[in-house]
Each structure stands twice: as structure tokens, then as C-alpha cells.
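What follows is a short report on a single structure.
Chains: A, B, C and D, in written order; residue numbering restarts at 1 for each.
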Amino acid sequence: MNVETMYQEIILDHYRSPHHKGLREPFDAEVHHVNPTCGDEVTLRVRVEDGVVTDVSYDSLGCSISQASTSVMTDLVVGRPVADALRTHDEFLQLMQSRGESEPDEDVLEDAVAFVGVSRYPARIKCALLGWMAWKDATAQAVAAASSSAPTEEMA
Amino acid sequence: MNVETMYQEIILDHYRSPHHKGLREPFDAEVHHVNPTCGDEVTLRVRVEDGVVTDVSYDSLGCSISQASTSVMTDLVVGRPVADALRTHDEFLQLMQSRGESEPDEDVLEDAVAFVGVSRYPARIKCALLGWMAWKDATAQAVAAASSSAPTEEMA
Amino acid sequence: MTTPLAVALDVERIRKDFPILDRVVHGDKPLVYLDNAATSHKPTQVLDAVHDYYTVHNANVHRGIHVLAEEATALYEGARDKVATFINAADRGEVVFTKNATESINLAANVIAWAAPPLGLSPGDEVVITEMEHHSNIVPWQLVCERTGATLRWFGITDDGRLDLSDIDRVITERTKVVSFVLVSNILGTVNPAAEIVRRAREVGALVVIDASQAAPHLPLDVQALGADLVAFTGHKMCGPTGIGVLWGRKQLLEELPPFLGGGEMIELVTMQRSTYAALPHKFEAGTPPVAQAVGLGAAVDYLSGLGMERVAEHEHAITAYALDRLQAVDGLRVIGPTTPDARGAAISFVLGDLHPHDVGQVLDELGIAVRVGHHCARPVCERFGVPATTRASFHLYSTLGEVDALVAGLDQVRRFFR
Amino acid sequence: MTTPLAVALDVERIRKDFPILDRVVHGDKPLVYLDNAATSHKPTQVLDAVHDYYTVHNANVHRGIHVLAEEATALYEGARDKVATFINAADRGEVVFTKNATESINLAANVIAWAAPPLGLSPGDEVVITEMEHHSNIVPWQLVCERTGATLRWFGITDDGRLDLSDIDRVITERTKVVSFVLVSNILGTVNPAAEIVRRAREVGALVVIDASQAAPHLPLDVQALGADLVAFTGHKMCGPTGIGVLWGRKQLLEELPPFLGGGEMIELVTMQRSTYAALPHKFEAGTPPVAQAVGLGAAVDYLSGLGMERVAEHEHAITAYALDRLQAVDGLRVIGPTTPDARGAAISFVLGDLHPHDVGQVLDELGIAVRVGHHCARPVCERFGVPATTRASFHLYSTLGEVDALVAGLDQVRRFFR
């Protein structure tokens, strides 16, 4: 185990220049998640139109892992149908629970495969998941709000 | 250390035939004391007239040590001036704290010298003191009551 | 006199795991330890786990990212997994570590009392316990009833030491908010009919709290099968260290209940104005937990599971049956509690003629035989049976028939001593 | 760079008493343990006392007359005597054993809240704490204020990490019923001016509670000289086991306060209708106490007293002065808290440029250097200083100048890594 396996260049790049950062309008749901063990926080907004995630914007405080992971997540979900994006979320969650043993599918996870090293560090897994959990929560709220106003739509 | 050093014949005699036992009238104060660690209980009454302990009566539940000690105590205090009896109480207390090391004064403590062996058994010291503590408490109340009605009298 | 027994546990081998059992007292008397209901001894496996924790991994848990902190956290949370499996909890978050069973029950009583309606206690509400409870399952309810204005009621005890449930429908009513009872009595040995009480409590919508302090060490405990809402037990009686207890609770209920102690570990976000609380089980674990003690308890449940709780129960049942037989043959001895081994744990209380238990215990101690004398923290039971106290012999997985024989021989000596 | 120091403690010899300090991590890196404010390590003397307790004397306390029970009771109560002497308590009954400092403070908060007038909290009453508190001295007061309708107020912090007492007479007023504050901050390292706060609290008749969790392990603690009413601290930070804490209280006050947890040990007489409570200190110790842990804490205070707390304090002061010097010479490093060693404990928080403490701590860990990162259970302090978290290095009696050098060298590597 070596700290370089955690801090892949891809991760440090996203950390230095995060994608989709900042809070934008319009949005359908906003959530605030914190990681009480370390104090990382994120405020995250989701816009869902016709079952597609059309924007994710966020403001966050935290370590390189949580910042980079949130940035990578936005690349993977923005512009994708909710159902597809949720599958990617599940894939990432599985990767994080793999203790470094899994061979992630680069076609699905793209830059997120760089996080395989993080899964060896139990205390940091929550950092890597913070943005993803916030996104899932916000998206569920957005979809629920949409389906209650337009009862034919449903979350996959 | 040997259990026979605790259960002296004198103690077993008082246990089998306790002196002054039973609750009598008249009395100036009544107290109820318990030993929460083992559940020994005593209800004890004191009569004090002109600064002299004229009667001690009691009803009690407990082991041979607490029963015998209360019986021996009544022999030592009934008929004595309060101040003298309190000195005997203090002497007995000291004996109980001596861990079997003291040479008790038989002129003062009479049958109570038999309790020197008990002082080696920390868990039983409270048994031996139960009746004495109750007597001291009741006597203090009796004297206080008397002195508040007759303010010239005072407890030694 | 010896009854033929199929003792499946290899007790001689087990005894080698408990160094204290080799002790001699009062000069040259081998220790005969029959005070297991008060506390059990600890096998080397448990002591080694604690020692290893302190000398290799020691750190504060949850809040660190350095190696020691990660190892300590993994060991602490690993102990929780072990306990969850041991009691068949549906979810590891349902296992809350406390300092002892007493704290577990106080926690339960206080958070139920403080909870928002429809939970929560108010004047007119009733709490039902039994006359057979340990003080630790009486006083907490007296205190919360006093503070909330709720009323405390209880089941009595029959002459043969069983709960008197004949008027169950009149004791547990629509006004009952909580029913709390002991699964195995520490003074009478009675194993109570949980299913019957739970069924009635469910009918009226009352919460059920079970004090399993004398069950967890001695029989298979399945919290899901029990059907209660909250179950408390204590580490030191089940081969674990002192300083650790458990409160198991149904997840949904624990989530609804307010926190008990406030502080580090149990929070999500703290501002000076207000705070939000962590997810289960941490919400109920304020401050640095008893980390080494949890690790020790984890090792203890590993040890017990390795032997098999069914086999432990069978062994103790056999010893208890034998002891009941032999003790009741002692002249003047009266068992306080069930006199047959059915639905009965391994604690046997008795009185010997009109000898005070203190005197009985003192002479037995002189012979190396450790029993407990007094109220056993269950004074109402002594009152119920009109005895000032009892002498109690209690067995565990390492107890032997020979120890029962030693006790019986010791009682003869006691009688001779005070003749 | 090395400052000439007259280090009176023989640190090399002391380190031999702590087996864990020989540990290597991440393959071959010797452990540099700078997380002492989170928990301290335990000397062999403490571990041996605990082991000896379990393998020779183990029994439940107070309620037995057999040899083991008498020995266990003598050891447990002997530990209380040791702690009483260590903190200069006027009476051994003033020393209450709890499970940690957090329970001690919750106990204090709850029994004060529940007490009969003129004690007790009601709407209109105020509780004063500070922005510098550990969550364990914030959340308990928030909870009791919520339940009683009392109001929580607090002192702020100055830019240099000291309590802002400039408006002390307007914060502590006739409405103030309790003032509770930390003696030594676990995040800023500040040693607070207790005398000034106690004086003002006395003027208005408020009770004073002091959180001495970071004081007891590091400096001579004299509860009589402090002049407070209640003082809390925790065993695991002062070379003792986990699972044990202390609440000291003025005897007369403890006698007036109602009990906290109910159960075995804390009672005098129990009937189903009502109970009366034991004398001090047992009134506040419900259930089987953390016996082995108290014995361990007794051995820990023996160990500390053997070295001399003045010398421990002197050693740590020297290390802290050296570390403040060297750390502040690191490029981009900003100390959060007092930057000079005056009135300062051995915990130093800092931020390094705009690197997140998690990343700093992770790379330091890779080098074998254990520091803590995050909020240190004092989130309001981080908010106050506008930082998301800090990195904290904290020292104890076995810390060396060489470890400070290793930290400084490690921080250079951190900067290079994230360049």
C-alpha cells in the first residue's frame, strides 16, 4: 500500500481544476451533505429534464479526494438519462467497497477508475462517496417532485 | 486468617440470645438503618433521661455479626451517661478500623473485644457497626430534641 | 448420588483457558467459584485480544486517518459485527455499545420517556415491570415515572418462583406504553415466558424492553426471534471485560428515539445554536467508546460461539439439575425459586435453616467456595419470599459437578459450625 | 535550530514502558505518534495491573464476602483513593467513576437540570459555555437547555485563540445558573484563565463545571485550588484504559444533586413503590462499575505521580515551544491557536497553505507520522477561524524533539507531493 496509489494524477488534476463547480440555476432539487467524521461538506443542485440529468452544480469544502470525486461524478452523470446515471453510481459504489480488489470497467467509469486506490483506505471511502451520495439524494428528490406533478413519469 | 477468629464463642452466644431485643416504650428517638450492601436492617429506639441512656430497644434482621454486635452494644450503653457511651462507641469504631491489629481495652469494651477478629474482614465491618451507628444517630436525635425543649442541656 | 450426564463440553480443557480458576485462597484452598451470576471469569483469548489492542493498535476511533486509528476503528466496528451475529441482529447499526446493562436500560428508559408522541411518557401512561427484576430494571423506570408522571405497575411472583401472569390482560392495558422484564432472573433462576408477554404487549401497542443480562452468557440469544423492541445485556457476565454493555434495538425504533448522552461521536453537525445527530449506532455512543472493552467482548463472543451456545446451555442445564437434586437433599435447605430444572437458568438461591446467608457465605468462603449472599440487587424478591437475604450458587460453562459436591459438603460444615 | 533544553524527564527510559512506541507502520516506518490529544498510549505498568486484576482477583465489587470479591473491592476503592490524591480531592467520596469525560459532563448537566430549586434549570435561566468547547461540553448543555427551556450563551474566541472575556460581566449575569468551560483546549491548546471565570461565576452564584480532559494528563490538577464545583476528565488520555472517566464534585453539592442513572450499586433500599439512594460516591455509580478500568487508571496515576506532573508539564512545555518555533518556520503554515508557548498545552493545530488537512494527514501517515485531521470535535472553532478543518500534532510525556523534527520534515514532503 502506497499513498501514490490513492493520489493518481487524474485525481489531483480534478482536484486542482474541478468540473461543473459553482451553484447554478435553474435546478429541481438542492441538498446539503456532510461527512461528520472529517467535516467535508457539499451543497449540490440537480436539474432533471425529461428523465435526463441536464445539470449538476455544487459548492463544496473538502479534501482532494472528495473534491475530485465530485468533479468526476458530474462528468459521468450530466447529459445522461437518470437510469443510466444511477447504474454508474452503483458501479462506483461497488468499486469503493472492493478494497482495491476490483477491475473497474473503464468504459463505464472513465476517470472514476482512478479511485480504485482510494478503496484501500477505509477512512477515505466516505470522502470519495460524498458527492455521489448527495447527487443520488438530490436526483431522487428531483424525480419525485417531477413525478408528483406529472404522474406518468417514474424513476427507473 | 481463620473464620474462627471472627466467630468467637461470645459472639455466637449473643447471636443465639440477644440482649435488650424487642421494641419498647417509652423512647425519645427511633431510627431505621440499613446496610445496602447486604441488606441488614435495624429499627432502634433510644430513651435518654437527664443525660443518661436509660433504654435501648431494637428490632433487627441480619447476620450473626450484626445481631451480636447490637446486643453487645446495648449492654455497654444502657445505664451510662451519653458522653461515656459515646466514648465507648468511638473506641469500638477504632477497633473495627484496626484490621485486627489493635489490643482492645477489655475494661472499656467488655464483650465487644471479641469483635477484633471481625475487623480483619472488610465486608463484615459494616455488619458490626450497623447497630452502633443506629444508636449514635438515635441518641443524637434524642439529645437534640431534649436540648431544644430544655436549652441548657447539651450533648457532650 | 451422581446422575449420569452426557456433558458435551470438554470442561477440563475449557478450564485451562481461565487462569484464575487455578487460584488457591485462604492458604491452600482451591478456588470453587460459584458466583458466576455476579460476574464471569475471562479466558486467555479475551485477555490477549485486549492486550494486543493496547500494545499494537491503540488509538481513538472513527476520527483518524493514520494507521493506528484505522486499525482501532476496524477492531472496534468488527466487535460490533461479532456481537450483531451473536444475537442475530438484522442490522449492525442496531447494536449500541454502552458501559453495562444498567446504562443500556437507563438509556432505553430515558429516550423512551423523552421521545415525541406517540412515543414518550406522560401522566396517565403506564410502565409495566415485574417483582422479579434486578434493581437495574426497577430504579430507571421509577426515576422516569417520577419525572414524567407516568405510573409504574408490575407482575407478582408465584410461590414456586414464576411470574404470575394470570391477570396479564389487566396489568398490561391500553394505557401501557412500555413493558420491561428480565428474561432470566439473576436471583430465582427463572426463565420467563417472553413470547406470552410480548404477544400481550403487541396487542396494546406497548414497547417491549428485555433485560437479557443473565441470558446472553448462558443460552442462544436471538433478538429477532424474541420479538422485543430493545434488549440489554452486559459484557462482564459473558466472559468479556468490565466496562462494556450492549443495547440492541429495532432499527426503525432507534431512529425515532432521541439521543441520550450528547458529545463527540454522536453528532453530525455542531453549531453553537444547535446540533444534528449521527446515524445509528453512533447516535447513542457519545464520547470515546470503551474501545478495548468492545474488542474484548468481541473475543468473548467468538469464544462462546466457538463452543456453541446450545452446548453451553446444555452443560449448565445438566449442572443445575444435579445441583437442585443435591442441594434439596441438604437438611433444612430451602430453594427460593423453581425447584426443578425446567425453564430455569444456572443460578440457585436458597436459605439454610434460620442461618443468615452472610454467615453461610463466610464459612463457605473459608473453605474456598465463593458464593454470593444478600439481596442480589433484587430486594423485592427477598421481601416477596419473606427472607432477609439468600445464598446463591451460580454456574457457568467451566463449572463442574465436583464443584457442586464441594458446595454440598461445605454446607454440611456450615451447619456443624453454627450448631 | 535546536533550542537548548533542560529536559528533566528521562524520555528514553519512559519510552521503554510503552511497547506500542516500537511499532513500525507501512512496511518499515517507525511510528511517530503525535495524536496524544485523541488518546495516549498505556505503559506496561497499567497493562500489567489490568491483567493481574483479571487473572488473580476478578469479581464483582461491593456485594460479596468471598476473597475475590473483597480483593476486587479493595482494588477498585483503592483506585478511587489514588485518583482522589492525584487531583487533591478533599474527600474520596467526591470521586465518581464514569465511562468517559463525556458521560461525566452529561451526568453533571442532567443532574443540575433535574435538581430541586434553587438548583435546577428553568426557562429564563442561562447556561454559559465557550466557543472553544469540545462537542462533549456543548451538546449536553444544548440537550438540557432544550428540555428545560433554559438559554445557552457562550464566550467567543479572540484572533489569537484566547477566550474573549472582555464582556464577562455581560455574559455571566444574575440569570446564569451554570458556567462550564474547558481548562485546556484540545484544538487550540489554550489554557484558560479559570480563576477569572470562577470569580465571576461566584459573584452571581452560578455553579462552575470544568472540562479538564486535556489538563489531567498534562499538568498538576488540584481541584481544590481550581475552585470549581464539578470537574470532568477521562482515563484513556492520561495513560489509563478506555472505558473509564471521572467526575469530581464538591461533596455538599453532590449530596444535594439527584441521582443520574438508576440501578444496582446506587441504591440504599429498593421497594417496588420507591427507592432511596446510597451515600457518595456510589449514588452516582449505577451498575457494575468499570472495575478493571478503574484499577488501570489507578496504576496510570501512580505512573504519572511517580514521574511528577510538574516534570511532565515542563517536558511538554519545552517540546511545545520547540514545535511552535519549527512549525512556524514551515512555508505557508499557519498555527490556529496561541502562537507562543505561554498558557498553552501540548496540542498544536495548523493549516498548510490551501491543502486540505485530510491530504496533509494522509501523506504524513504514509511516512509513519500519526497526526489528527478534521474538526477535533470542536467544529465551532473551525468555523470561527474560517478553516474547514485543521491538522493537529499533540505531545505527551514520551514525545521527543526528534519527533517534532520528523513532523517538520514530513510537512516538506507533503508540500512537495501536492505541488
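Please note the rule applied: a residue touches a chain if its C-beta (ideal position, glycine included) is under 8 Å from a C-beta of that chain, and two chains touch if they have at least 3 such contacts.
Given the structure is predicted, the values throughout are model-derived calculations rather than measurements.
A.B. asks: Looking only at C-beta pairs that count as contacts, which pair of chains has more of them, A-C or A-D?
C.D. replies: A-D
A.B. asks: Taking each chain's centre as the mean of its CA atoms, which one is farthest from the centre of chain C?
C.D. replies: A
A.B. asks: Let me have the rounded angstrom distance from the C-alpha centre of chain B over to the C-alpha centre of chain D, please.
C.D. replies: One centre to the other, that is 45 Å.
A.B. asks: Provide the C-alpha centroid distance between chain B and chain C, rounded to the nearest whole angstrom.
C.D. replies: It comes to 38 Å between the two C-alpha centres.
A.B. asks: Send over the residues of chain A in touch with two or more other chains.
C.D. replies: Chain A, residues with two or more chain partners: 37-38, 121, 124.
A.B. asks: Taking each residue of chain D in turn, which ones touch at least two of the other chains?
C.D. replies: Residues 26, 63-65, 69, 267, 269, 358, 362, 365, 373-374, 379 of chain D touch two or more partner chains.
A.B. asks: Chain contact graph: line, ring, star, complete or other?
C.D. replies: other
A.B. asks: So which chains end up touching which?
C.D. replies: A-C, A-D, B-C, B-D, C-D
A.B. asks: Inside the complex, what are the residues of chain D that reach chain C?
C.D. replies: Per the stated touch rule, the residues are 19-20, 23, 25-26, 31, 33, 35, 38-39, 41-42, 47, 50-51, 54-56, 58-60, 63-69, 99-103, 105-106, 114, 131, 134-140, 142-143, 147, 152, 154, 234, 236, 241-245, 259, 261-267, 269-272, 274-275, 286-293, 358, 361-362, 364-365, 369-374, 376-377, 379-380, 383.
A.B. asks: Hey, which residues of chain A end up touching chain C in the complex?
C.D. replies: 34, 36-38, 121-124
A.B. asks: Using the touch definition from the top, list the residues of chain C that touch chain B in their complex.
C.D. replies: Per the touch definition, chain C meets chain B at residues 26, 356-359, 362-363, 365-366, 373-375, 379, 382, 388-389, 417-418.
A.B. asks: Chain B touches which residues of chain D in the complex?
C.D. replies: 62-65, 69-70, 73-74, 267-269, 278
A.B. asks: Enumerate the contact residues on chain A facing chain D in the complex.
C.D. replies: Spelled out, the residues of chain A in touch with chain D are 1-3, 6-7, 12, 37-41, 61-65, 67, 121, 124, 127.
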